[in-house]
Structures are given as structure tokens and as C-alpha cells.
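Can you keep this structure in mind? I'll have questions shortly.
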Amino acid sequence: MLLLIQNARIASEDNDDLTPADVLVENGTITQIGQGVEAPAGAKVIDALGKILMPAMFDTHIHMREPGQEAKETIKSGTEAAINGGVTGVVLMPNTAPAIDSAAMVRMIYDIAERDARIPVYTSGCITKGREGKELAGIDGMLNLGVKMLTDDGDAVPDLLLLKHAMEYASEFDCFFASHCEVLELSGPRALNEGEVSHRLGIPGTPACSEEICMDRDIRLAHATGARLHIQHVSSKIGMETIRWWKQMGAKVTAEVSPHHLLFRDEDIGDYNTHYKMNPPLRTAEDNKALLEGLKEGVFDIIATDHAPHRAFEKSQDFVTAPNGITGLETALVSLYHYFVKKGEFGWGLVVNRYSAQPRRMMGLDAVPISEGGKADFLLFDPEGETTFNKDFMQSKSQNTPFLDKTLDGSIDLVVLGDEVLLER
Amino acid sequence: MSKRLTESDIAQAVSQMVNQILERNASKEFVLVGIRSRGDEVAERIRSALETAGMNVPMGVLDISLYRDDLAHLKDNPKLQGSNISFTVDGAHIILVDDVLFTGRTVRAAIDALTDYGRPTKVELAVLIDRGHRELPFAPDYVGVDLQTQRMDYIDVKLQGSDGEDSVVVIENKV
Amino acid sequence: MAVISLLVLVVGPVYTPLSSSSPPMTRKDLLDIESLSREEIELLLDQAGPFKDLFTRSVKKVPALKGKSVLTLFYEPSTRTLSSFEVAAKRLSADVTNFDVPHSSVVKGETIKDTIDTLQSMRTDYIIVRNKMPGLPQMIARETKACVINAGDGAHAHPTQALLDGFTLREVFPELMGKKILIVGDILHSRVARSTSTLMRKLGVEVAWLGPGSLVPKHGPKDIKRFTNYDEALRWAPDCVYLLRVQMERQAVQYFPSLREYTKLYGVTDERFKQLEAQGTYIMHPGPVNRGVELCDAVMEYNRCLINQQVENGIATRMAALYWLKPNQQK
């Protein structure tokens, strides 16, 4: 296939400047970047005037619910949602039913992905069998199949000695740990920040220190054992500061922040709106501000959505009973543009770095800059366009997002991976 | 043609009622019960006139809101002001007093309300204005003035205590 | 969408001066105190008076809700509140049905939404719900045409308790503005403390909290005073001390060392009672009381103990609430 994209402005992770150029793609490879590139015979030509061409995104924190809860999401629907949001690679979390805790389960995920997905699907593997925190999972078998991330996401590993042994054992191999941070005794089963809102709603809240204590604990342990550690979905100011401090101490730690923790706060829950219920919970305006600062400064290496689909009836239960989590794959990039890039909080360079290049590197993959000789793995973003996140637009089986039926500025008009146009509108 | 009653018309109507009541009950024991709102003020005027004539008559006030038959159809329920019946209703001869007698529904509600206080031996009805158009079989025993009205007319009664002036205006065909 | 507004929601001061003319507003539901205006609260308290007057008549019943159906849906056992609502509804001539729900929890498999659909199919006019899940009455209210009264949802709200408390205190202090109430005990888990504090503040009453540090929320409204010991609190000279029930069953995870220690620090002991009596302080309690824990026996005989009035006023206030609400008119 021959594809010529004319008059685009190219974004890269190196800086926030956009470079005007035409880009020619031949059989999945970018062969020419420059001004006034002639369209070869039979080429598909796209006029991208005013639009931004950038490396496609990569999301390292995805719940695809398959196997076990296919009514919420499947690898097929979830990867289509990813494409819809400009994401061409995902890392699945292992809290399926059964959990992804063995080579056999990893093989099964890869088989389903090969059959159903148009983008690469990677999976993490459990630290402990069934994520029960009791026995170590089949780590070697999973790593042999290419698993890089070990996590009991959804829960922390409560047994510190077991986690220490896991870290000592696995740090000898090419892999890293990822921590969902929470001290269960302090938080219990309800995802709501402890503060004025939890008082008003009459629901005992989870204090930020529940997350911060666990985070600090896990980093200390990783630092002591020499394991690489990634901290998932940081939600609080002191959490951000904890990571900053440990990075200064030279710990091998990376961290992610999710768009919802940057954008929303507990007040948005209003009258028990379960579309703002997730774990870790939304905290305060002060935390939003600190997280944004941490993102700009590089305390947060990556952005990841924690895409967590749930069925409408589950989310229409009362706040305590409704499950935790919101979807994010389809809304992340557009919301980052609408709330931050457009307002000048940060530029496209940061978006490409934190949501495309760094996540890939963390997974041991190469970044996909738009460069001659590189593989075509990019998207075209229209800053003048707009996107309405209604049921027709969304490809995910679930629409549990505060953006449901909202319209934001910016639209993803084209997603190309190799020789295939995955999305065009 | 719009009909009006002036302050003096109203005073005359009240004294007409007082005379009728005295005529028939000169040596009898009875009590007055005014229906909120404005019926209580008419009752008070009657009580005061009777007092001047040398008769001390106990008086109560009845709020019939909870007994209305149209509560289910109202957008807002009427604001309760409460009743004040300090005498024994059992065995009493009661003269119910209201400002305007129209469909008779208020009287029905008032009688129901009264009988929840006890069993009076006799209940009579005194009204300042009878405007006709009954929907229930009630007839007044004492009437201040009869006014010819159309079914859709609205009678705007103002009394000193509630409204700062005494006047009655018939507004035709109020929609 | 209130996503990125940088305005911090300012709550309070809650007291708002009365506007000169306010039409009596009608609502479909009574879910919490927070959403009520001061005018609405005063209207309800004003209306409760005439209902209380009815209790001295030989016939205590009025036909205001004749032909209407009231469904009580109590997921938590509560003989007192349930009976109070039942008596109130029956005195208004409504038909009352108790929807028998297993007290453990909602039956597995049937979601709350399914239960609400079932209720909707019964075409009931009023639903009175008590549940341990905060916000559940709001959900039911959104999904049904019936009027919903929250009879207590977890630690969130108990609006009719707050109204009866306000009514009771107003009987002894016709002008509540500037009066002081000290609420003592487990504030953290108490919907009563939340709703009553909110109502009192809306009526211009100063509110203070006293209780074990582990049971007094750190994040409550800023205009509520916190006391850490009784002596200090009594020097503040409250007009009323409101005692909360110690929930013995909540001691699965300990919040304080022992009942003995609780009583010593936060109970109305004989000694403290003498002081309260000397100061002429009124005492309230939502019931049922733990004698010897929150209060000593002598309190129950005290002429300024309002606990029994609270019970009687509960019926009048709930009648006023039922009379005030109107089901959705359309269809």
C-alpha cells in the first residue's frame, strides 16, 4: 500500500514544536518525509492540512476482562476501543477470571489476541497465584512467553515477605514489578477519598495515606532487593512526592498517572455519581495540581488509563456497591488535548513521550517516532475537530465514563499501523 | 357588570347574621366555629357583636385543609394553620361560620373535621355571602347577603384582619 | 461539566436569611437536610405543630392521605423509626404495607435496580426506605414516580430525625437563632449527627461536636466547633446537649478502649449531670439509650430531658413530611 499524507505537522517526543511535512508510507514503512513529496501512482493521498501527525499511543494499564467477564469487555472490543482512541498497543492486567498467573493463561491471551485483535496485545502476569497473595505464580513460564510486567493489579501483595522473595527471585530476570498501592486495613472496599466529600456522603473514605504507605513500602522493598518497580495510577500529592524523593535517592522506580486523576476530584462525585468511582479514588484539587506538576517534571514517566469497563447496570447500583473503575482508552488522548494541550499546560512533545514512547520502552519495545525508515505506527489528530463520546462512537462494550455523551475538542481522524489503515474518519 | 360590597355593606351583612342568630337562639347555649381562613374573622365579628348584645359565646377556629376532597389534585398542599377548638364538641350546638358559601365542599370538610372532635347535638351554618352553585346538599341557616353569580365568577373577599381592608368584588369569568 | 472549574466548592456559612416572600414549595422526595432551604425546613416545622395538636383529639386520624399507599422498605431493623412512620402514615389515613426485606442484605442476583422496578410496578404513592447503603434513597427516588422518604441511609442522612430534633428544640426555644447545641459521641458513623448538625446550622444554631478522636470526623464543616473534653465543652455553655447512641456492635474494630473509658470521658455521669442541671441545659438523644453508658439514670427523670418529646414529635414531624410531599403528577 502506498499512502501519502500531505501538509501534516509532525509531533515528536523531543520537543513541543511541530514540523510541517509530507509523509510517504510504502508497504508499512515510512520512506520519505519532506516538503512537496510527489504522490506516486496509485497512492492514497490524505490532505492533513492543520492536522497533527504523531506516533500512535501505547497504554500499559488495561483491563480487557477476557476471560471471565466478557460481557464487560473482550480483547476484540477492547482493542477496537484502543484503536478508536489512537492506541496501537496495550498491556493487559492479569485480574481476569481465572487470573493470568501461568504460561497457559498467557498463551491463551495471545491466542485470543492473534485471532481477534488488530493491534499488538501484551499481557502482564500475576506475582502470586490467582492474585491471592499466598503462593508465587509461575513466573519463569510467563517470562519465557515475553511477559515483562509482574503485578497483582487490583490488589497490593499484602505479605511483605512473599513480595520480598518475589522481587529477589525475579529481579534476576528481564522483568519488572508493577504495584497497585493500597493498605487494605486502611481502605476497605469503598473507593472514595477520605475528606469533606466522604463526610458529606456518609461513606467512610480511603485516606491517601493508604496508598502512600503501600507505595513507600513497595519502593523500599524493591530498592533493597534490586528489583525494578513501576507504581501504578498515583492519585495523591504525597504519593507524587514519595516517588520524586525515591527517584532522587536513585531507586529504580517508574510511575504512571491516569488522565482521570489529573482531571477529576472527589467533589465531582456530586450526588453519588458512580462514573467517578475508581480505585485509587479521586482526591482533591490540590492533588490534581500536584499530579500535573509531577507529570510535567517527569516524576511520572508515563500516562496510562486504567481502562476498567463495567456494565451499565453494575454502575447504576448505589455508590458503595457499584464496582470501581472507568473506561479510558477512547477518551484519553482527546481529553489530554482538550484540558491540557489546548490550554497550554503542556505540549504534544510531552504527550508523545509519556503516552507513546516511554510506555513502549518500559515494555522493552522501541519507540515509534515518525522518521524515514521507521515503521508506520501513527495517528492523525485534528485539533479543530471535536469528538462526542456517545454510545455510537464508542467501541468498548462498556460506557462507564464521565465523558459519556460529552463533546470535547479534538478528534482522531486516522490511525495507521504498518500496512493497515486501522481507522479513518 | 361587576358587583361590589363596600365596608358598610359588609358590616350590615354581619349584623344581619347576628340578628338572625339572636332571633333564633336568644336563650340557647351555642358556640361559634369559624373556618380558616376568613371564616374565623367573620365568626369573631359575630362573637364580638353578640358580646355587645350581652351574650358570651365561646368561639373556635377550624382548619379544614386536611379534610379537603381535592388534595390529590393540588400541586401544592395548602399550608396548615391548625385548628383551635378549646371547648367540648360532644353535645355542643355549633354554628359553623364561613365567608362564602359556594359548592358546599368546604362545609362537608368542616363537618367531617368537627365530628372528629366529638359528636355535636346540632350543627348550623352561617355565611357572610351565599353565591349559589351548590354541588352538595347544604343550605345555610344564617346568611348575610345573597349574591347572584355565574359558576365561573371569582369572588375576591378581603377582610380587615387578613387583608387590611373590607371589600368584596365579583370578578366575572375568571380563568 | 464541572470538570475543570478551579472554584473550590465553598460550603457554608449555611445560615441564610429568610427571603421576604416564599411560596410553599413542594417536593417529590425528602432525602437529606442538605438540599432543603431554610424556608422549607421552617415550613415543615411550622406544619408539624398542627399535626401534634391532633393527638389530643379523641379521633387522632385525618383523611388527608385517604386512598394513598405507603410502602416501608427497611433493610435495617429499626422498630422505633418504622413504628413512628407507620403511626404517622396511618394517622393520615394512608394504607401502609411493610415490604419485608431480608435484613442481611439485598438478595444476591437481584440488583437494587430490579427491586426498584418491582416497587414501581406496585404503584405505591410513598416509599419510606432505610438502608445501610448511602445514596440508595436517591437512586430509588430517581427511578420511581413515588415520593421517597429517606429513613436513614448508612452514615449519610436521616432527615426526619433532624426535623423532629429541630421541632423539639424549637418547642423550648421558639427563637433558635444563636442557641448552642453540643453533639456528643460517635459522630463519624452517625447519620443523625450529620443531618441534625446541618439542620441546626441552617436554622442559625451554633453546633459543636465532642467525642473520641477516632469517632469525630476530621473533615466536617468548618463552622462546627470541636471540643476534646467535656469541661471545655460545658464552659461553652450549650443550651442543649445531644447524646448519640454508642453503637456497641461497631466495636469489631476498636475505636476506643472500653465502654467504661467512654463513659468516663464522654458520658453524662452523675457529676456531669449535676453541672448540666445547674446550667439548665436541655438533653436530647435519638434513642434507644444505653443507660449507664451515654447517660446516668438521673437524666431520664430530669425535667429538661426531651427524649420522650422527641418520640412524640417524631410522629407529628413525619406526618408533616408525608403531607408536604407530592408524587410526580405526570401520568
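Observations
By written order: A, B and C. Residues from 1 in each chain.
Convention: a residue touches a chain if its C-beta (ideal position, glycine included) is under 8 Å from a C-beta of that chain, and two chains touch if they have at least 3 such contacts.
These numbers were taken from a predicted model, which means no experiment stands behind them.
Compare each chain's C-alpha centroid with the centroid of every protein C-alpha atom shown, and the nearest one belongs to C.
Among the remaining chains, A is positioned farthest from chain C, on the basis of C-alpha centroids.
Here B-C and A-C were compared by C-beta pairs in contact; the pair with more is A-C.
Centre to centre, using the average C-alpha position, chain A and chain B are separated by 76 Å. Measuring from the averaged C-alpha position of chain B to that of chain C gives a distance of 40 Å. Between chain A and chain C the centroid-to-centroid distance comes to 44 Å (mean Cα coordinates, whole Å). The residues of chain C never reach two or more other chains; the list is empty. Interface residues of chain C facing chain A in the complex, by the touch rule stated above, are 1-4, 6, 8-9, 11, 34, 111-113, 131, 133-136, 138-139, 153-157, 188, 191, 194, 217, 219-220. Listing the residues of chain A that touch chain C in their complex gives 194-196, 198-204, 263-264, 267-268, 270-272, 285, 313, 316-321, 339, 402, 406.
Chain contact summary for the complex, chain B toward chain C: residues 63, 65-67, 71-72, 74-77, 79-83, 112-113, 116-118. Note for the complex: chain C touches chain B at residues 23-26, 43, 46-47, 49-51, 53, 57-59, 61-65, 67-68, 92, 320, 323-324, 326, 329.
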